[in-house]
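Given below, in the form of structure tokens, are the structures.
In what follows, subunit A forms one complex with subunit B and a second complex with subunit C.
And now, the complex of A and B:
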């Protein structure tokens, strides 16, 4: 099979990534017109079966690939609107995308990345075999992105966003993913080399960014990248869905005040995962 | 047309400019293709070169009395032995062949002054921390560290005549044209920019190009989230045996204006000499 979309979903106690993957996968399949496969684990499959969404998953996904169960030790503080909580998440096996994908050309996306256009189809013929998004673009006119959203560290390398990664299987992309695995396995050493200090939380964005930096000759090359990712942060709330129109409550000052904002026909990274799940029915009905 | 790089240094007690010029000349010899690797040194005391092992890297050594500090560079058009010249600051190093930049200027320009500088990460510098005078007085954003000119050009002659005039009367020109953020000392960058503005030729001699690409290692314009005294306090200066430089995690392929004069150690010189001798 030539082209397809790949998602990873491993449920945690707090977040139903399986359900998110069904939404994200359905949207990708509909708007890109491509098959979508899911990499997951036995316990997440079991949850899908008990929560009555497995039939939908079988319908949406071209292949459901059962990976080894990965123990999670990654925690991060995530908001659901104004409400913060410390949530565990499993993101260690994204570096295995090269090994798991059933496609010659793969678009790897996060389950909180919702596709509402066919824009990413424009990049399949790129001469570059690994493309990553160059940056995040805040839905707010005035970006709430911090320094750590643009660089791996204060003095470190450019931060690419592994929310969307497109790759063609070949020798170069194999080296790329092998390098990402190497960085992941030696994350402490790379934190010294690249001056980032939060080693308790493994970030794919960082591992992918360093791998790209190294393979670009220890330089930043933003000319061969996927478009910036339009993003709503986790303090924002997905309030309403009307087909490809999403209405958000956003907090421009990153505090407790909210205003309305919307996106239409735009691929969008919705970091408030719970609000995606709350809108499961509307998002699925929109297709 | 005979082309070459020109380095103008005044002997100083504070910094070893002849040593820096020597490192720059070595790096040019090591990286630029034949025909684009000639170097001329202008110095006010030739005896300071005696300690250097390979003076052959200077195709011309011109000893002359120079005005103090950087004012000597206002005579670059008269001092150069070449028909076409790029005048460089002494505290710079080359790492790759940039002859194609020169080929472009030889074909298309009589006079071109760089108008961009880059961070060690390769981002174009937009911060005007060191250039408030430029912003406040609407000067063209010229950097004298890479100045291309042809000797037989009327524009060049007129331009440098005015440059020398401004250099001779800095207070008068500052009072008249640089009333906001008036600099305590009028540097070459300001003088060249002011001359270009007065003559109204800034768009002719410094139009937008993707080159020359020169990394400017001044610390406050590196897009860091905090102030810094020296770039290398935070991003390592790693010069390897192949004569390649990494600043922090970034391989430097463009010309680097390293600013910190103590970076040219005997070890750096030794590496550059080894490469030059093997070539």
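And now, the complex of A and C:
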């Protein structure tokens, strides 16, 4: 198969990534008109079977690829609106996308990236074989993005967002993904080299950014990239879904005050994962 | 709370929602102005349209290299078809932007603004 979309989903105790992958996969399939495959694990498949969403998964996904069970997980502080919690998440095998993908050309997306347009289809014929999103674009008029949303560290290189990655299988992209694996396996060393200090939490964005920086000849080249990712942060809340209209509660000052906003026809990164799951039925009905 | 202050704070909330809605609308329009062809990515704007039209007016319409938004040279075999495509996308996007923006301006409550 030539083109397709690939997602990774490994359930944790807190977040039902399987259900999120069904939403995100369904939207990608609908709006891009492409087959979608899922990389997951035995435990997540088992959960899908017991929670009655496996039939839907079979319907949505062209292939469900069972990866080896990942033994360890990251922890990070995530909000569900104003409520913070420390949640585990498994993101170590995203560097294996090259090995798992059944497609010659792959759009790799996060399960919290919801596609509502065919914009990304414009990039399939790009002469660049690995494209990563250049930046995050906060939905708020005044960006709430901090320095570490734009750079690997205070003195580090440009941070690309691995929320969307498009690649064509060839010698270059294999080198790229092999390098990401190498960076992941030697994360401590690269934290010294690239001056980032949170080594307890592995970030794909950082590993992909360093790999791109190295392969661009130790320089920043933001020209060959996917568009910036329109993002709602985890303190924002996906409040309601009406067909393809998403209504959000947005906290412009990143505090406990909220205003209403909505989006329609725009690809959007919804970092409040719990609020995606709460709207599972409505999002699925919208298709 | 003083009614005058409440009215002002309500309007402040409306203004913040309006600013976000406008940003999302601009993003939606910008997405429609991204054009991928022959391995290149073009951001359609007035200067691209004008330049392409100037080339056509001078009788240069076949096998023309254009520099795309990433700075890469892309050979466009049929510049008239290219012009028609970018003009159509720019025009329809501008119309959509105008219509949606006018609609937004008319909606003076947050509920209507976000289409609740």
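Just so it is clear, the second predicted complex is superposed on the first by the 287 of 287 C-alpha atoms of A that agree within 3 Å, B and C clash if a C-alpha of one lies under 4 Å from a C-alpha of the other, contacts with A are read in each partner's own complex, and residues count from 1 in each chain.
What we mean here is this: a residue touches a chain if its C-beta (ideal position, glycine included) is under 8 Å from a C-beta of that chain, and two chains touch if they have at least 3 such contacts.
Bear in mind the structure is a predicted one, so any value in this text is a computation, not a measurement.
In the superposition on chain A, A:50 makes contact with neither subunit B nor subunit C. Within the superposed three-chain model, A:250 lies in touch with subunit C and out of touch with subunit B [touch as defined at top].
Of the two partner chains placed by the overlay, only subunit B lies in contact with A:147; subunit C stays clear of it.
Contacts of A:261 after superposition on the shared chain: subunit C is touched, whereas subunit B is not. Contacts of A:217 after superposition on the shared chain: subunit B is touched, whereas subunit C is not.
With both complexes superposed, C is the one of subunit B and subunit C in contact with more subunit A residues.
Within the superposed three-chain model, A:157 lies in touch with subunit B and out of touch with subunit C [touch as defined at top]. Those residues of subunit A whose C-beta lies close enough to touch subunit C in the complex are 117, 119, 121-128, 137, 139-141, 223-224, 227, 230, 240, 242, 245, 247, 250, 252, 259-267.
Subunit B meets subunit A in the complex at residues 121-123, 222, 224-226, 234-235, 246, 248-251, 253. Those residues of subunit C that touch subunit A in the complex are listed here as 13, 16-17, 19-24, 27-28, 31-32, 34-41, 69-72, 110-111, 113-116.
Of all residues in subunit A, those touching subunit B in their complex are 147, 154-158, 193-195, 213, 217-220.
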